[in-house]
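Look for chain A in each of the two complexes below; its partner is chain B in the first and chain C in the second.
Up next, the complex of A and B:
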């Protein structure tokens, strides 16, 4: 009986598999998901090997220390180090890679070399929220404000206001963010003492409990002020200029002229006809910039002593803390790819020409 | 006022009266004098067609009637008097609010090449609502009812079109949607700028049929701008021929097609299949319309005119009435009348080879 049922089910199951494969290959969302996963895999692999090509690693350093200071033999020192870091030093790079990937699949990012035994995932979970918070708030501010200013510039193009704003925007969008950060630190913090930099250090005040209270929210914004200001200043110019040029193009579209001929209220034309269409392309850029800012957060968080992943990354590079480095790269990569992924959907959702055939 | 008095019908009724309108564009090379002293009267319910080659200022004239010229343009002079019931307003004197209410509710302009006339991210229904609400009409059911009727009138499926995004409709459909939308608020005045250009022949035909049908069923005055003379012949009551920013002949449709008195009109008519449909060869007038930055002295048509004399090169002929409902701006219109425009036709054919 079992044999007959098997014989019967095989063809239909094969048919099913083919059917599903065909459907899946046509599925837009699935294709994107697979692409995203492939990208993540490639980046993980590259990071793993590149990180290991860096000169000197902490284990070698530790081994040397043991030999120099405590008179260990080389073999003894290596055994000691291996035991401490919990890794097999004899294993080939390839074996290490397979091991790493296997652990990753189980959600295990390894443990830090430097803070011996601390799981990388735990460290990232501690630092990442602050980066997401400061970068997210900055993007929100600079995106909305930049769009608004860009539209004003386009509507008042040729005016003094437009020239002033365009100049400022071009300057700010061409200065690297760490320079702006340093300037804020030096002038607003040290020279003119507008920001009490020592008090503003860290992601929140000592003794502050993370909770949904006004005091806590105020406190985290207070501590994030300087990084946010830096991110906003260095990204807003790009939004302004992009929005200005998009708005000018949109203003030349027939449908805007026709909207005027239809006697629509100016406010309606500005928001739903000009603004909405001019901002469409910016949403794709928004996703890309999320990655850029998270990636570029390291120096800013270092300058302002802000406890985000950027800071974590810098420290881990300093100490050749591979697992942490890899973990942070992994998280940044996933963040960027996820953001791009989201952007495509947001764009499709905002633009019916893509959504509706 | 004086230049337009000739135009005014005896009962003094008009929907629109344009007096001595001058419009220029500020271009890099200089001032483009696109409309140079145009005067005409549009009677209630009539269709007045503006014909002429491309670049003669027809679109500029149309845009200036609803003050939607680009920012580089300037109305240097003139009056645009619009009349509703007993009230007469000068469009050029309206403030922003009055102007906004005038547009579409009083005067709907359907644009040349309306392929891109709709906001790509909003459904047609949303854009219909936008239009109605901006003019204080808020009853959704009423709007929907009226729009459905209008869509049926222009041979569109109301349900489907209202739900659609612009990109889901073909060019011809979009053109008809815009025409229907133009009639939503029952404007007394409609301007159609090249309603059939950029459409394929079949679609052109259906749009023309739709226009004729609408014109029969509804009561509004229509300004039809077209370089397509057969379209004008089918729809117009009167025809105004425009050349180099000026009106050179204004006459009823019959006279325009069978007894044109301006050499330019003769050339235009001769260049297309005639009204009755007997196919004639398509011969265009040799040469091209002048550069409007520095139009020729005297009669602007003289470089292309076989009737031209010394007088034509120095003195500008005024637009004068020469018969009932027939005005022409040519020093030698009588000669044209005598030879039936023969010299112009021969000239065109000779140059065409």
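Up next, the complex of A and C:
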């Protein structure tokens, strides 16, 4: 307090700068942005080293292959591998790291080791939209539907409907999502033949061009049906149960009683008094679940042969394709951090009480 | 003697307070017996029987046979031990770290608090499953302990934050203040006043950590990222999947047996937490 008034009362330029620095450091948004950037940096660095500490690296594997199968000498094999993978093997881990960071700052994620010459950014751009699409649609459906059902359960608590929904919700939220996915595939696909699973593979039908047409939209929804069904079934229970308990708590609040006493319309009380307050904590939850679902998408995309970023990650792990692995990590991390960021602002917007000055 | 039976009856009444929770407890006990005692009773069927491929359940093969005509039931019995051991170890490790870090963070404050919270924040930000998928490469053939360690070391942050918040709030309660006024010492306050009040929370979270560990380990084994072999529910899933079990109608039992075993064990664990909640928190008890 005193420092601020001191800075304000001193017209000198030097103090002016200090004053602005101080104000900047107190700026909520700026601090959040800096924190997010710091987190991204730490995660990039960690993954760079973790990935390289793995037991078998792609070049060793390739060198051994050349020696065993083609009778190369060690030196020949190494040269060959270095030429193919385009990496300077003599460079220390530290030099490689600096090089990687320098390229990253220029927006260059590097090129894939395995599919030689393909830029990682291009690969990610090809796979990421499908994960974002399937996960995004699923979250939208399960979040809104879950909140709705949760409120209904709270208003009709103790009824048969409440018991049935609570049971279903707790069962589906405790079974791992990939098992639910397998059950969908085995029962709806193989046993009862409701879904033609081989036709539904991939993110879209072969020959389909991405365009803004009804046929294209229908096609991508068709191919994403099973992943979306799996995500929705396994996440909706959590939203329902959380919304139910929040709503029950909110219904006991004084301001709801007052609103009722004032004779406000029931629909208004439900939406802007109960619903708004009860749904608040769910938004923080939403950000966490985005990270969890995108991270776990590898399993679901593997089961349904859906070309998302999870598939890409699995392939790159199998080939020890470092640049692709790091690129996927980077993208998922940024997605998680962005989601957290967004959640915080949505929260602040929905709840004026915690709005930071 | 009569007081002993009274105690047994009281305990039993306490356990049956919550019907769903009691069923969960029975389920957990069933799976523990099945996986640890079962292998001594049911021998593992390793004999290939070409004429008995994909048989439906019968009195001879309770859950049918697999792609090589081997008994699925015996594989389920033998395949649970690793899954259960990894789940418990991983849950135990992450809960221990969380309790230690969480209470240290809350009680020490200052830079220790900041450092632990920053670390938790970073571990939470790294996408968990992808990181596990990469780290799984470190696990050598059938090394259960290392897998549990990796799972445990990565899953402490959320609980650490929660424990920290709990300790911070408990610290300010009247009974802790009273203990402090009586000069009972820090050790007494932590072990006798704060910890017992968090026990229910810790126990329930231990179980949730176990379910998370099951999710991750079975997922990793299923994707073939952990070099496990032999009888293990995850390996069964993976084999049933890769041998094209999803394309043959007759293979339903092969793929569904491990799915059901894992799903039912998870359900039992989650239901069991409800019972724990009621036992530890008398205020929640619906009936006396």
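Worth a mention:
We take it that the second predicted complex is superposed on the first by the 336 of 357 C-alpha atoms of A that agree within 3 Å, B and C clash if a C-alpha of one lies under 4 Å from a C-alpha of the other, contacts with A are read in each partner's own complex, and residues count from 1 in each chain.
The rule we apply is simple: a residue touches a chain if its C-beta (ideal position, glycine included) is under 8 Å from a C-beta of that chain, and two chains touch if they have at least 3 such contacts.
What you see is a predicted model; the values in this text were computed from it and never measured.
Three-chain overlay on chain A, with chain B and chain C fitting side by side and no clash.
Contacts of A:263 after superposition: chain B is touched, whereas chain C is not reached. In the superposition on chain A, no contact is made by A:107 with either chain B or chain C.
When the two structures are aligned on the shared chain, A:50 is found in touch with chain C, with no touch to chain B.
By the touch criterion defined above, A:71 reaches neither chain B nor chain C.
More residues of chain A are in touch with C than with the other of chain B and chain C.
When the shared chain is aligned, chain C comes close enough to touch A:170, but chain B does not. Nearest C-alpha atoms belonging to chain B and chain C sit 9 Å apart in the superposition, given in whole angstrom. Overlap of the chain B and chain C interfaces on chain A comprises no residues. Those residues of chain C that touch chain A in the complex are listed here as 121-122, 125-131, 133-135, 137-138, 211, 214-215, 218-219, 222-223, 225, 237, 241, 246-249, 252, 255-256, 259, 262-263, 266-267, 269-271.
Taken together, the chain B residues at the contact with chain A in this complex read 66, 68, 100-105, 108-109, 111, 113-123, 130-131, 134-135, 165, 167-168, 178, 181. By the touch rule above, chain A contacts chain C in their complex via residues 39, 42-43, 46-47, 50-51, 54-56, 170-171, 174-176, 178-179, 182-183, 185-186, 189-191, 197, 291-292, 294-296, 298-299, 302, 313-314, 317, 325, 328-329, 332-333, 336-337.
Residues 253-255, 257-266, 268, 272-273, 276-277, 280, 350-353, 356-357 of chain A are the ones touching chain B in the complex.
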